[in-house]
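Presented sequentially are two complexes of chain A, the first with chain B as partner and the second with chain C.
Moving on to the complex of A and B:
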């Protein structure tokens, strides 16, 4: 059984999936970004720990930069909360009827968490 | 561009990894919460700042608490936390690399590229896993 959806890029752009579609896109992008960034942080940790390498230190300087941290924290928190939403909807498929509402609930969890992160990171970055 | 062939229903790699994605996500939540709660039970309340606490929650590695004011490190650096780090590394890296596999296979379809990409991603998974385990054991 092959699922063959021949949809071009520009036709795909016209699709109006709303909240669930954007959550899916953001989940993919944040996941890929985390694989790349966390992967490079692991490699940088290894290089710094074993060889005191300048490359490792350079990667971690970027990683620990406060602007980078704000972006990374957003990706992590979104991915974690959205993943929990997907898991819960998979466990109780009856809830799928309310998936649009579940996305509003999701942002209701993400925003306070992110405000805490924003406050923490900015406090140490700007010396408030 | 055609999308990938969906596997038959039943007990196969796609089903196993689908289940693994959910279970490993819950495992990572558990590991993070264990680190956070244990940090409060240890000396985090008075001897660390919130940045250290967040770093420790994500990954309970000694290098993540190096800039804190913890006086007695005995309860922070030991084999229990090494095991927790191993679990976090295994679930985190496998979850991430499998996510990469899903995205790649969504785009390349089912042709001769697929086993090559699978092999490449498998080697990447093994490499990152080994490097991370080495860092955990050596820190």
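Moving on to the complex of A and C:
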């Protein structure tokens, strides 16, 4: 009998698509993470306001932790800039020829932005 | 000469319930192709090894395989290009494996047939050939290069997750006719591709373009088709 065509998650991840494929995977993961972040933020707000619940406060402590904030900022910025890149490429297909360069450009935007955030978050976190 | 460790995916439907890997130690020239190594294994070590090949010169499209994790033509990939002495060859993903590297290409060709990959023009035949300007011919030149090897479609995560997705190869071949000024079937083809399993399953992941052994700008071709559907214009 022929083998099933199914491509499992890890088998797919092992395919060597390189930078473009990883940009897509990170885009998906950061999207999922944001649903989780925003969801937990809303739940925390609801719980604290309506019931003054400790769970809400606990979630907020995690949410306001500077390490969490750094991860959050990275994922949000990556998702936004990468999404913008794909949107632009989709609107002007002629640019797709330069998609590798577009990924470089993307990091060129993300890195300075992130350094700025790193600086701001660390400054208030460590009281510099 | 260089020592090569060749790891091959093996599956025999008559005796195996699960696939496994066989490893062979071979001597090879840096300019040998992966296909040459496989021929060597089949000729001298294990005659039961099964894989497709025909032209051995990158034109027939039979030998697409996953070589060190990436879709390539075995007959176009030199040992020296892989920059390692450990080579793993596996069948392309997303199609059921019949034996070793041989996969069932039927779903792939079914999608191909769906886009009417042939010339459509019911107008009366001109006295001589149908003329076309150099610029008009240039418009779809890139997508004429497809050899239907399946390297693009089987590198696409959208296709892996659902084989109803028509896939990059079919869209490339639709593009070849949609943007041909002599052809009159564009509207119908765009209609076929404007489907939940049509062009919009493409997530601009770009694996197809990287995998194409003919260096076709596949994602760009798909982008142009998407745009033609969205704007209703071929310009």
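Everything below uses one rule, namely that the second predicted complex is superposed on the first by the 115 of 128 C-alpha atoms of A that agree within 3 Å, B and C clash if a C-alpha of one lies under 4 Å from a C-alpha of the other, contacts with A are read in each partner's own complex, and residues count from 1 in each chain.
One rule holds in what follows: contacts are C-beta pairs under 8 Å (C-beta built on N, C-alpha and C of every residue); 3 or more make two chains touch, one makes a residue touch a chain.
If you're wondering where the values come from, they're calculated on a predicted model, not measured in any experiment.
When both complexes are overlaid on chain A, the residue A:46 reaches chain B alone and has no touch with chain C.
By the touch criterion defined above, A:35 reaches chain B but does not reach chain C. Of the two partner chains placed by superposition, only chain C is touched by A:17; chain B is not.
Contact with chain B, but none with chain C, is seen for A:80 once the two complexes are overlaid on the shared chain.
Of the two partner chains placed by superposition, chain B and chain C are both touched by A:90. Counting contacts as defined above, chain A residues 1-5, 90-91 meet chain B in one complex and chain C in the other.
Across the complex, chain A meets chain B through its residues 1-6, 28, 31-32, 34-35, 38-39, 42-43, 45-46, 49-50, 76, 80, 83-84, 87, 90-91, 117, 120-121, 124.
Those residues of chain A that touch chain C in the shared complex are 1-5, 7, 11-12, 14-18, 20-21, 24, 86, 89-91, 93-94, 96-97, 99.
If you check the complex, the residues on chain C that touch chain A are 11, 13, 19, 66, 68-70, 93-98, 104, 107, 155, 157, 160-161, 163, 203-207, 209-210, 217, 219-220, 223-224, 226-227.
For chain B in complex with chain A, the residues that touch the partner chain are 1-6, 8, 22, 25-26, 28-29, 49-51, 54, 58, 63, 92-93, 96-97, 99-100, 103, 128, 131-132, 134-135, 138-139.
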